[in-house]
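Mind looking over this structure? Questions follow.
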Amino acid sequence: MAENKDFEPNIVAFLCNWCSYAGADLAGTSRITYPSNVRVIRVMCSGRVNPLFVMNALQQGADGVLISGCHPGDCHYMHGNYYARRRFNLMRNFLEYLGVEPERVRMSWVSASEGAKWKEVIEEVSEGIKKVGPMDQFKRRQLNW
Amino acid sequence: MVDVNKLREKAREVISREDVRELIGYRPGTYGFRARPAFVMGPDDTGELIFTPACVNNLASYIVLEEKLPVKRGEEPDLRKVAVMVKGCDSRALVQQMEEKAYDRDRILVLGIPCRGVVDMAKVQAKYPDVLEMGEIALEGDKFVLSFNGTKEEVPREELVADKCLRCRYPTPLVYDELLDEEVERFADDDFADVAELEKRAADDKWAYWEEKFSRCIRCYSCRNVCPMCYCEDCVLDRLQPQWMRRSVDISENTAYHISRAYHLAGRCIQCGECQRVCPVDIPLMELNRKFYKDVEDLYDYEPGTNVENPPLLSTFKVEDKEDFIM
Amino acid sequence: MALKKLSKEKVGEALAELSKFRLIAPAKSDDVVVFKQISDPAEAYLEYGNSTVPPKKFAFPQTETLFRFVTGSPDLTAKNVEEEGTTVIFGLRPCDARAMAIVDKLFSWDFDDPYYLKRRELTTLVGMACVEPPSVNCFCTSLGGSPFGTEGLDLLLTDMGDYYLVEALTDKGEKLEETLSSQLEDAPADDEKKAKDMAAASEGKIRRSINTEGIPEKLPDLWENGLWKKVSAACLGCGICTFLCPTCHCFDIQDEVEESGEGRRCRMWDSCMFEEYTVHASGHNPRPTRKERTRNRINHKYSYYPAHFDVIACVGCGRCINLCPVNIDILEILDQVVDA
Amino acid sequence: MNGKPRIGVYVCHCGTNIAGTVDVEEVVKFAETLPDVTVARNYSYMCSDPGQALIVDDIEKAGLNRVVVASCSPRMHEPTFRKTLLSGGLNPYFLEMANIREQCSWVHPDPIAATEKAKRLVEAAVVKSRRLEPLDAKEVDVEPSCLIIGAGIAGIQSALDIADAGFKVYLVEKEPSVGGHMIQLDKTFPTLDCSACIMTPKMVDVANHPNIELMTYSQVEEIGGYIGNFDIKVRKKSRFVDIDKCTGCGICAEECRMAGRFPNEFDENMGMRGAIYMPFPQAVPAKYTIDKESCLFLTKGKCGESPKCKDACQAGAVNFDLEDEIVEFKVGTIIVATGYDVFDARLKPEYAYGVYDNVLTALEFERLVNASGPTGGKVTMIERGKKKKKKGAEEEAPKVPESITFIQCVGSRDKSVGNEYCSRVCCMYTAKLAHLVKDKVGHDCEVTVFYMDVRAFGKGFEEFYDRVRREGVKYIRGNPSEIYKKGDKLIVKAEDTLTSTPLEHETDMVVLSVGLVPRRDNREIIDLLKLSQTSDLFYMEAHPKLRPVDTASDGVYLAGVCQGPKDIPDAVAQAKGAASAAMIPMASGKVKVEAQTSFVNEDTCRGCGFCVELCPYTAIELVEVNRMGWPVKVARVNEALCKGCGACAAACLSGSIQQRSFKDWQLLPQIEALGVK
């Protein structure tokens, strides 16, 4: 898809309560600015995120999806992030196989102390999606509404 | 080759047992070269049973498709065994079903059929579109022998054999109580070249490829219903609350359906190929399932339906699982 | 009425002419033949047997928005079918056209369905006679149809080798002939006779049959017969036989509502073979197993429909036999009904 | 649920923290247009008393049944506003927050973009709030008793503390005696207290304490239940000696036909014992045990005419008919204090342990210097595998080593054997043993220590290390590469890395300062309690900094080296910590359990067990239920165990297991609201 300079991607992010959401909060407390196009859904653990949420987000209008959890070994619930890692690796590969650019389906480990990393992650995700452009071919509303 | 008389005799013996309620096998179809599932309830029903390369159906699906009507007051549920004939590929469905605790091993009696390949009925139909009266197919060496209308024709095996059989890893059933024929050693392997080929294409190209296929989907759900691994009491994709996928048939919902279906089979699909076989509009569903299958094997060294003791793929992890895709 | 001919060389031109309407023609999607809207005549694929999916969806879409609304507001915006414009379905088989004629009765029965009927009114059906029966499982002749049947059609084409013989059957058909006046020529005088012979020859090649006499009357008596359990034992409960049936017309109506409150009421195909088809809100299902559902499918086609409309809701296209994954064969079931 | 939603939306200015960037008026106006929003307001500080009063007032007057607060992070004020709802008479779980400060106004300086995002976040909160359901924060009663697994110094300390506080303790020890590794030691560093002298009183205390039920030679077989209500099953292995009758006189052991034929585990296999034995003289309980693997009668069915031990026992305590006994009881809390094993020196073949008799592990050497050890505390050259000489045969006096060499960090800080960690005790016990050599063998005995670093970090450690060096112990920095024999002598090949000099050091005896490793039978406890392990394979604590004695399972605590290497005072400190942690729920008698737990729709569950398999808390089990007359297995959540992570909900194919407040049905609308541009 061609690069569109005016295109502002819309990113839905699923963050675990204990690490990544706290990391994003820290970015706020530290007044670290980053693109406003990321919208966060808080879940207790990245393990809660069903990979079909990714599909659903893309279908509901998102141009990209981010799942972020605790670093390996740091999960508040011991292993949730490991389950998430397996599921998303598979889903991401699969969506790529269908023609969904991997730039749209991202995963990160952001700890409660990594406010600065949160910013980097958002910038990288946002830039990546800008490069591949909007994903209108799957959006429910654009196809039958 | 399975001796049909031996098969019927064995079936008669099995269905006569007190602890066996039903035997699921194959019988000739109604036209052409077809065979179809047979449901044997008593010794007198065994006379029609066959096994030939036309026996394409995976009968393991019927174990989990069974409808459990409410048991009437004062009555007991019939918990006797169901006997089922399975080929190597089909047997993996039983293994996976048991791995998922769908039922206990003692609920089924498995008649295993070592198999060197079944036909792709679509290829047979295309080659012999006019055969109406019952034709027969046998595999002799590397040829299929087709008998119909009083004639016999030999066709090289690779011309009519189902694609899945060309990459079959488990020709002999992995679970059985009795084998109906000599064991067949592994004669093929799967390199997933088809998947690798498609992986290499550009993103737009891939999307266009799948869009064409998914746009044909009429959402008849035959792929789901025939699947031996799709046996939820109530499929999430049918549900209205929450509604993962709308009923509208359009490219967006169709794509969502196919992503969901394939993902739900990740680490579970046993490659019997039934979904693709039954699809009336030729959506290459196995290309979806096989992508997951390949990744699951490459990334997690896991092959579904090979060992009842295996933990479910997505309920386990290794600390060292690959994570180079994570930021 | 004088017969015309359309030279095969001019088919492209004719289709180009027709594409000023919404032009629906058989086309290949990979190796599957489906009817779809075409804009380029080259997309049309006329050398086909029969389409996998019947063209019924162009009268009765699989998903159709009836109206749009906003939750809490009394205002509705109804769909205007008129906007779809004049439609030409080019090259459909006589059985599928006859099926539309049969289904028309339902949609204009106790209530005139404005969406369906408007669309039918706007649609001209250009049939393509079956010079050869497309499938070994064709049995249209048992149901009063024919490979050269004209019921429901506005125009019939017959492949004469180098050209198509064109017969206008209705006013709509004549109008279409006028549209194509620069592509049509007068047909040779003996073509009418030739076509009749071809029809007889094609009918003679139809090998499957059922004597339907008495079946509609007999079916109600077989309600509790053991045959239903047997014939449905292998059924997977999928929608192939019904969705691919040119006369099946069941639908469900659902609201698709966004969180914002915007919504649309849609009508979409439903299948009596689906488990949830008859599930009540209470959870009770009066057709709890595939047995009841299979029984309903046969009864609906061969008993209820003739009781209401005097015609069996089956045209013998053979799709349900050809495509059933487990070889459930309606003719075998009907044989058992006859024998029961 | 709770009638048609009537939602109140409250947009907080947070002074200028939010309102300085986000146009709160516009957000309120937008919120008013959303379905089911009854009131929408903005206020300078929602968390202030008047701010909260606004909500309470609206709940009463406007009949709100859902509240959305758009303000700071829910991690900050969710508890505050939950209480507000409660005081307004609304279930606290009818609250949803939109984080428009930390994740909006503070990070997006552009007012237009920030306002736009705030609207989306508010909409997502509103759509979710429509589907919120009331939840109960349940409480469970706590059984005032504790199971302690392992009776080494850590287990003993925890047991005594808890028992002294008045709670019942079940102390289970696998070996015939309590005491663990500490009782094997001679002296303790750096104070040189006699280990047995400070340990045995505690051992006796646990045996006699009225609140402690001591079960030695016993193993925990099953643990079910959850905090407050664990169901425990313990197997008391048969000693074939009735311990109520046994007086510990020891005549049986003297009479045993197999006396002195088997290596004594307590002496690190350097001393010998018979089939009936007491591991060491100060054992608690001071009772004898027949090892059924080595007893003639129990293995062969025959022991001469009749078993001599039985004949000799005047108390009639020997009873070959005794069987294992299973005891079951309930406890409220569990402390795991299972200790460690020492590193298997054979995994470092270059040190020739097991090849040369006089290459010893430090624990073996510990027994050698111990007065109750196999040589009575004399450090002599040893000859392994030597059978006990016949009575009366003349013993040749064993030779005393003239030089002893210690090698530190054997199996610690060593990636080649998979142990990256420092075992924390080896530097100091090496110094202690070096001192003991000088003390017991004499100053002429040359003592050399090869080390990588000396880590003398604890109280009195550096002073002790300094003292030992002044006593003439020679420290050479370098990690030996090989040990081989040359004549009677052992040669330690190394490089002095401080001078870069290769050297071949001649010595009589080598002592390997082996590290501490997780117990080789660690798995047993992991399986029982589903404990996690850190990468070093020791048990994992709930948080490495703030919850060092807790585990991820409520009511289960860790004490001692099973959680990671530590010395005696650290183990005791942690044991006391675990004891007090365990006493908190026991003292309060009740624990609150998570409300946002998972639950199963048993009508649609297909019983595949995916959720059971992955639940880190064993909170889910498969149970058989009757579904319209058919027996079917379905998953069931024990809500007292569930911590509300929701991983099960993401694994369930049929959507039958859902997490309260995070159901698919509640999250999908959020996705939809955020997906719209």
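In order of appearance the chains are A, B, C and D, and numbering begins at 1 in each one.
Note that in this section contacts are C-beta pairs under 8 Å (C-beta built on N, C-alpha and C of every residue); 3 or more make two chains touch, one makes a residue touch a chain.
Since the model is a prediction, treat every value here as computed from it, not as a measurement.
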{"item": "Comparison of A-B and B-D by number of C-beta pairs in contact, larger one", "value": "A-B"}
{"item": "Relative to chain A, chain with the most remote C-alpha centre", "value": "C"}
{"item": "Between chain A and chain D, centroid-to-centroid distance (C-alpha), Å", "value": "35"}
{"item": "Rounded Å distance, chain B centre to chain D centre (Cα mean)", "value": "47"}
{"item": "Whole-Å separation of chain centres (CA-atom averages), chain B against chain C", "value": "31"}
{"item": "For chain B, residues contacting two or more additional chains", "value": "69, 244, 246, 248, 250, 314-315, 319"}
{"item": "Residue numbers of chain A (touch at least two other chains)", "value": "51, 56, 59, 73, 79, 83, 87, 141, 144"}
{"item": "Interface hub residues of chain D, defined as touching at least two other chains", "value": "535, 614, 651, 664, 668, 672, 676"}
{"item": "In the complex, chain B residues that touch chain D", "value": "68-72, 75, 77, 79, 100-102, 231-236, 239, 241-244, 264, 311-312, 314-316, 319"}
{"item": "Chain A partner contacts - residues on chain D that touch it in the complex", "value": "73-76, 99, 101-104, 106-110, 113-114, 116-117, 120-121, 124, 532, 534-535, 540, 552, 596, 614, 616, 643-647, 649-651, 659, 662, 664, 667-668, 670-672, 674-677"}
{"item": "Partner chain B, residues of chain D touching it in the complex", "value": "535, 603-611, 613-614, 622, 627-631, 633, 651, 653-655, 663-665, 668"}
{"item": "Chain B to chain C touching residues, read off their complex", "value": "29-32, 34-37, 39, 57, 61-62, 65, 67, 69, 129-132, 212-213, 215-216, 218-222, 224-226, 238, 240, 246-250, 274, 277-278, 280-282"}
{"item": "Of chain C, residues touching chain D in the complex", "value": "71-72, 258-261"}
